[in-house]
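Submitted below is the structure of interest, expressed as structure tokens.
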Amino acid sequence: MIVTVLVVFVGCTLWTVLYSFTSSRSLPTLDFVGFDQYTRLFRTSRWTVSLKNLAIFGLLSLAFSLIIGFILAALMDQKIRFENTFRTIFLYPHALSFIVTGLVWQWILTPAYGVQKVVRDLGFETFSFPILTDGRFTIYAIVIAGLWQGTGLVMALMLAGLRNIDDEIWKAARVDGIPAWKTYLFIIIPMMRPVFITTLVIISAAIVKVYDLVVALTNGGPGISSEVPAKYVYDLMFSRGNLGQGLAASTIMLTTVLIILVPWALLEFRPRYRKGKIPK
Amino acid sequence: MTSVHSVLIKDLSLNFGSISVLKNLNIEVADGEFLVLLGPSGCGKSTLLNCIAGLLDISDGQIFIKGKNVTWEEPKDRGIGMVFQSYALYPQMTVEKNLSFGLRVAGLPAAEIQKRIAHAAEILQIGPLLNRKPAELSGGQRQRVAIGRALVRDVDVFLFDEPLSNLDAKLRSELRVEIKRLHHKLANTMIYVTHDQIEALTLADRIAVMKGGLIQQLDDPLTIYNRPRNLFVASFIGSPAMNFLKGEIVDKDGSPVFRAADLDISLAAYRPQQRLAPGHAVIFGFRPEHIAISGQAGPAGCSCEAIVDLDEPMGADSLVWLKVAGKAISVRVDSGRRYQPGEKVFLTFNPAMASLFDAVTENRL
Amino acid sequence: ADLEVTHWWTSGGEAAAAKVLASSYDKLGGDKWVDGAIAGSGSTARPIIVSRILGGNPMGATQLNTGRDAEDLVKAGLMTDLTELATKEGWADFIRPSKLLDACKYEGKIYCVPVNIHSWQWMWINPNAFKQAGAAVPTNWQEFVAAAPKLKEKGIIPLATGDAWQIDGVFRVMLANLGGKDLYLKILDQKSTEAAGGPETKAIWQAFADARELADPGYVGRQWNEATSLVLTGKAAGQIMGDWAQGEFGVAGKVAGTDYDCLPGLGVHPALDTGGDAFYFPKNANPEITKAQLKLASMLVSKETQVAFNLAKGSLPIRGDIDMQAANECMKKGIKILTDSNNVLPSYEQAFSSDTQGQIEDLTTEFFADKTMTVEDAQARYVEIIGEAK
Amino acid sequence: MNSSLSGAEPRGSRPKRFLSPASIMIYSILFIAAVYYLIPLYVMVMTSLKGMPEIRLGNIFSPPVEVTFQPWATAWNSACTGLYCEGIKVGFFNSMKILVPSVILSIIIASVNGYALANWRFKGSELFFTTLIFGAFIPYQVMLYPLVIITRNLGIFGTLTGVIVIHTIFGMPILTLLFRNYFVSLPPELFKAARVDGAGFWRIFLQIMLPMSLPIFVVAVILQVTGIWNDFLFGVIFAGTKNFPMTVQLNNIVNSTQGVKEYNVNMAATILTGAVPLLVYFFSGKYFVRGIAAGAVKG
Amino acid sequence: MTSVHSVLIKDLSLNFGSISVLKNLNIEVADGEFLVLLGPSGCGKSTLLNCIAGLLDISDGQIFIKGKNVTWEEPKDRGIGMVFQSYALYPQMTVEKNLSFGLRVAGLPAAEIQKRIAHAAEILQIGPLLNRKPAELSGGQRQRVAIGRALVRDVDVFLFDEPLSNLDAKLRSELRVEIKRLHHKLANTMIYVTHDQIEALTLADRIAVMKGGLIQQLDDPLTIYNRPRNLFVASFIGSPAMNFLKGEIVDKDGSPVFRAADLDISLAAYRPQQRLAPGHAVIFGFRPEHIAISGQAGPAGCSCEAIVDLDEPMGADSLVWLKVAGKAISVRVDSGRRYQPGEKVFLTFNPAMASLFDAVTENRL
């Protein structure tokens, strides 16, 4: 298994980096061209737009899924009734594929059928909700759909984290007369650092890889306004027969991930000793 | 009259769903008193403390603090400070922040906050720790900070929920002394939950021994120790534990005698609360230190023979385990003399310090 | 043997055409057509097809665009060589225009079978829509643009379009028909940056800028046949789309000349390119399969198949020697134009690598969607792409 | 006791606070959120029950005037995907064939991995683990080519085995992380006790660790079922024609329009395709949070 | 030489990465001996035990059990049984399965397994529990099963890692006695880790007091208690803790006297290990029970005046805290007489039972 994993993950990574310096077209060839692919990459407006979109999508998704997920979890943690029902409702989108998510949201957001039409039918003739058709907003449509699908999982993680917090902390805060929101903000959230980190890793991994959702919802359009890096990689490698370019793009993506991941790995896995445990 | 009581609990009941955890409790705690709630795990000690603090909504009854009915008050308005077993320090704040957080939220002026922290830091000797985070403190230091957090609130009543349980024996005894000193210094009311009888005995002005949501006995430590009201209190208090022998009362020359198997112990010196009727099935209880052991037989009547089973040296003294009337009993002796298993010894009981319980009701006779 | 055939012909007209092939093949007896349709555009299907060939689990035959798309696979020796069959049957003699077969050649050998001729340079209009809006039915692009305001007033979409490749197609057509053959060849064949940066090209970008005003905002994510269906139902007035759109009109039972009309070459320069679909036959270890492959290849170019298939698909046959009586108005127009070899243009696929095509597509769609992007900017980037194209 | 005090003062339990302002707010926020989450499902279900004319006229949020189950039948039985019009039922069984072995295999391997990482120190285990986590971030697309080449060389390209292996590999990072964290949180003394008792690597795993790991297994099953069932790319590339999963059929139905888009059929097909993971969530969602609490969120 | 020793540890060192946790330890445990490893948290007790059990690979040195070099043996082949603080019972198995697991792994015949379980169940009185799961047992019962698991393995050496720490005081003292009895009955070697000195003192034949990976003193309990070899051992052992006073040796009429502030204590009765040089800075340590307290002054010279600070009743006796020479010291007295804070009393020291340490090296003088 170790060998498999090393071959697959490390091997593929090395392969990717190596061939990103070649002029490979549909099929890999070892015809080295130096940094040509990279120069072209950063001159391509689709790539820069993709990066910008990933940044917007990433930041918004991270921020909102953490915030909404946490708020939902906090509300669910108030010993409410129907907890099972609510939890299922928040979680079920995660069971659906991005293809499905994209399809449904496309439908809801398309001006001709969706929200815009419904509001207009209600009498607001001038209402306009061009989130899918105006290139300036499409990325936000993707954020909305992505949040719909992903927040449930974040909620589940956060809820699990909240349940692991010592009851006595809550009591201490109440005795101290600290209002609930302050307790969350200044005490509970800082205590949930590990949960946040786990969540962060899980959603960032998903964000970097976002592809299906975009394809299903906007296919990158209108124009190139909702393109994302993973789609660029895929298109260049497979539709456009320019492996070298696609691999250069993925190398950039991998490097970015490494830049995010390395500090985290150092932080989380620096040698530390947990009392009474065989080190892992 | 309520003003003499710092805390007054009237007919308090609490149910979790259909389970009744506290049953119609009545307690009065005098101003400046140190009350310990003692009892086995699950008897409702923490629940009672949480009710007083306002952290649990009670099902029935009333709670007064300093004469004010606080039954439905928020915890912060009750004039209480609370210290928890797990310390419950806010892990990401420095000690100083931990102490001041509640005060800042309450909107106290900075100068006042500074003053109170300085005062608490001095009393608890945590001045040098103010800039550390809880993770950088030892258990004892953490607990001191937790106490400090209650202290700065400048309240009438301190509530402690097993504050020392997470500490090791040595620290536990040190902090025990500190808490006692603190109580002397501040002279405010303290209610302290523990299941460690040494803590209870050393700290309390009065101890409430609880079991199954009911108070079994509420008395000062020595009374509890020496004149337990029932078998539960007797067996729960004291380490090493009290020895018990089952038997019955017989009349011997007009004075009552406890008889178990071949053992007769004169009860002439015992001060019963009621007449000891001959034939009554009783349990005779005596503490390991209230029995003398010697190499040769003493005066007949309240002395008997026994075989040494085990000798446990405990430093200053030893506990010798013997077989008497078919039961293992322990005797506390000076550690200067070691006993060998199998050795034959003679015992002298001191009925004046013993306790006698009805075998059925288990109440003191 | 069972011959799996992959393709992305899943719209109504396309599926009907595929069915023709399948049933004719099955009728030959012995072998069986196993359909491996992959819906979506070529960009969904192509990676799947390529990776399966690479992965050593090839299908029996597959649709692929001719041109440089498949070149790498051929180069890697993964395709069955059809030269023997082609010489035997004398393909070179009847396949017209001969460029079609050239596209299948690599180092003198033949690796694919062209099945039809598709040209991009068509505009489809619904005359009733214009009548309804009180505008004259246009006969060329300029008139079409002029009629647009009236259409808009009536709530009719002037120009129906959709996905990125459809928008890119609009630009291709404009380049060929508004720019003329010379300009088209300079840019495609010679990759002349001078021509690409010149005023003639600028005019085309300008026209393209006009076109972006004519589309409705709902074009995003629309499939081409949905756009066609808008024209078909009168919700839109026109569509610039290749001749395969005709298949949709056919399936809907519409009659050319009355229900819809066609403007080949936008009614300006009647020149058509000769792209088209082709079938490739990945090499296979099983000799049974190879036999079946050759049988299919031979069938594809046969007269009967060509007639039936192209009627269904709305495309033109690859043979000059067959009778297309059954063809409708529009097809006949096309056949006529193509008989003059001056009117024959090379296709994009033959001129540009799919990479370059993709770059142009990115540029045109970006321009089309972003109304703040100026013609100058777009042209500058266009020049750059042409300059780099090999 | 002072009776003047007790008489007037509040007594007994606090009034039920179900309708207090705070809880009204909590429930309304939760309710609004629930509506947001339910709308897409609602739209899907409603649309799938309408006939095409009604869809064209009405708005997507209105309930069907005339309920029809035809779209469901069509989607399952006779929707066209290319030349064949057999609906998505074919894909259902293919998906099952892929799902069951992939889930089982990946969970077995990941749990052994997690156990080994948590309890047995071996050379390079830290590095191995970090690599795995890094793997979680690699976009699938990047690895497609090399994987095609690898599987081809192994002779499993285009087979059920191939796609199962691929799913197993890609499930590895997150699952291993989960299992490792879970096993680390179990008391190490158990492991030591078992070693003193003479049990070896496998026996400890099978007889001691496994029976204690139900919660984390539930989480793993849920995640894997969702991921594998919803996969399109690997299924279509690695599974081979005979084994195309349901998502491929769904894609074909949804993306191949014959004339007008049949939204009702599309929606029915969509719901049918999502049914398996949805059911898994509905029935084991309860254990999901519990399992995560037990394994995932402990650093 | 090795055969006389049940367990022999030679030059054992263990490092975790760059941290050296055990430093060149040498211990010989005689056959049938009960050795207790005692020390503060983190001193390496568990680590040492794990090394003996083979659960940790040592960095240097050798380990012999019953004369056999087992340094690199698997745990199961070392002839040891181990009992853990957290019981470490397999939660999904019944008690019987828990007991038999190791035997089944070893492939013993079913009849033999039955026999051994029956034997262990009888000794530990867990017969009625055999079909329950651990979750259905009380803490004490669980620990008994855990011991049973070691017992059935029929081994030469038992290793206990704080087996009683998770139990409450009462159970703890009960099980302590049972373990002691078990040792008497089985007479095999036991190595027992604890940080509770009562356990150490009562159970051990010898105690190894550890600190920072080094053994500070290895002696029998009474020697450790009465003649601690250094300040650490003195302060670590004994609860209530030993009192310490800093001062120096002065010569008074030819005999050494300890002087701190205004306090003089004659050391004539002290048995030093070396000559007490006048001027030597020393620490004088004495246990709370080795000091007498009385209302009136005794004979001059080793008696002095003090003010009562606090009185802690502990049941059988009380601890009285006093201020002497500016330091708080505790004195153990009978609980019959209560002392009031502020009361003036007189103390009489017993130098024969005291300990004197060098103020610098902290070693016993």
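All chains are identified by letter, namely A, B, C, D and E, in their written order; residue positions are counted from 1 within each chain.
Following the convention adopted for this analysis, a contact is a pair of C-beta atoms (placed from the backbone, for glycine too) under 8 Å apart; a residue touches a chain by one contact, two chains touch by 3 or more.
Remember, predicted model here, so these are calculated numbers, not experimental data.
Following the contact convention of this document, A is the list of chains adjacent to both chain C and chain D. Per-pair tallies of C-beta contacts place A-D first. Rounded to whole angstrom, the centroid-to-centroid distance between chain D and chain E, based on C-alpha atoms, equals 54 Å. In whole angstrom, the spacing between the mean C-alpha positions of chain C and chain E is 90. Mean C-alpha position of chain A lies 37 Å from that of chain C. A separation of 56 Å divides the Cα centre of chain A from that of chain E. The residues of chain C that reach two or more other chains are 47, 51, 54, listed in rising order.
Shared interface positions of chain E, i.e. residues touching 2 or more other chains, are given as 55. Shown for chain A are the residues that touch two or more other chains, namely 234, 237-238, 276, 278-279. Chain E makes touch with chain B in their complex at residues 40-41, 168-170, 173, 176-177, 180-181, 184, 195-198, 201-203, 221-222, 225, 236-241, 287-289, 309-310, 312-317, 319, 321, 332, 335, 341.
Within the complex formed with chain A, the chain B residues making contact are 50, 53-55, 74-77, 80-82, 84-86, 88-93, 101-102, 105-106, 149-150, 153, 161. Residues of chain A that touch chain D in their complex: 1-2, 4-13, 15-16, 28, 68, 71-72, 75-76, 78, 80, 84, 86-101, 103-105, 107-108, 113-114, 117-118, 121, 148, 152, 156-157, 159-161, 163-164, 194-195, 197-198, 201-202, 204-205, 208-209, 211-212, 229-230, 233-234, 237-238, 243, 247, 250, 253-254, 257-258, 261, 265, 268-269, 274, 276-280.
Contacts from chain D toward chain A in the complex involve residues 23, 26-27, 29-30, 33-34, 36-41, 43-44, 47, 59-61, 109, 112-113, 117-119, 121, 125-126, 128-147, 150, 169, 172, 174, 180, 184, 188-189, 191-192, 226, 229-232, 247, 250-251, 254, 263, 266, 270, 273-274, 277-278, 280-282, 285-286, 288-290, 292-293, 296-299.
The residues of chain C lying in touch with chain D in their complex are 4, 9-12, 15, 18-19, 22, 34-40, 44, 47-48, 51-52, 54-57, 59, 223, 225-226, 229, 248, 251-252.
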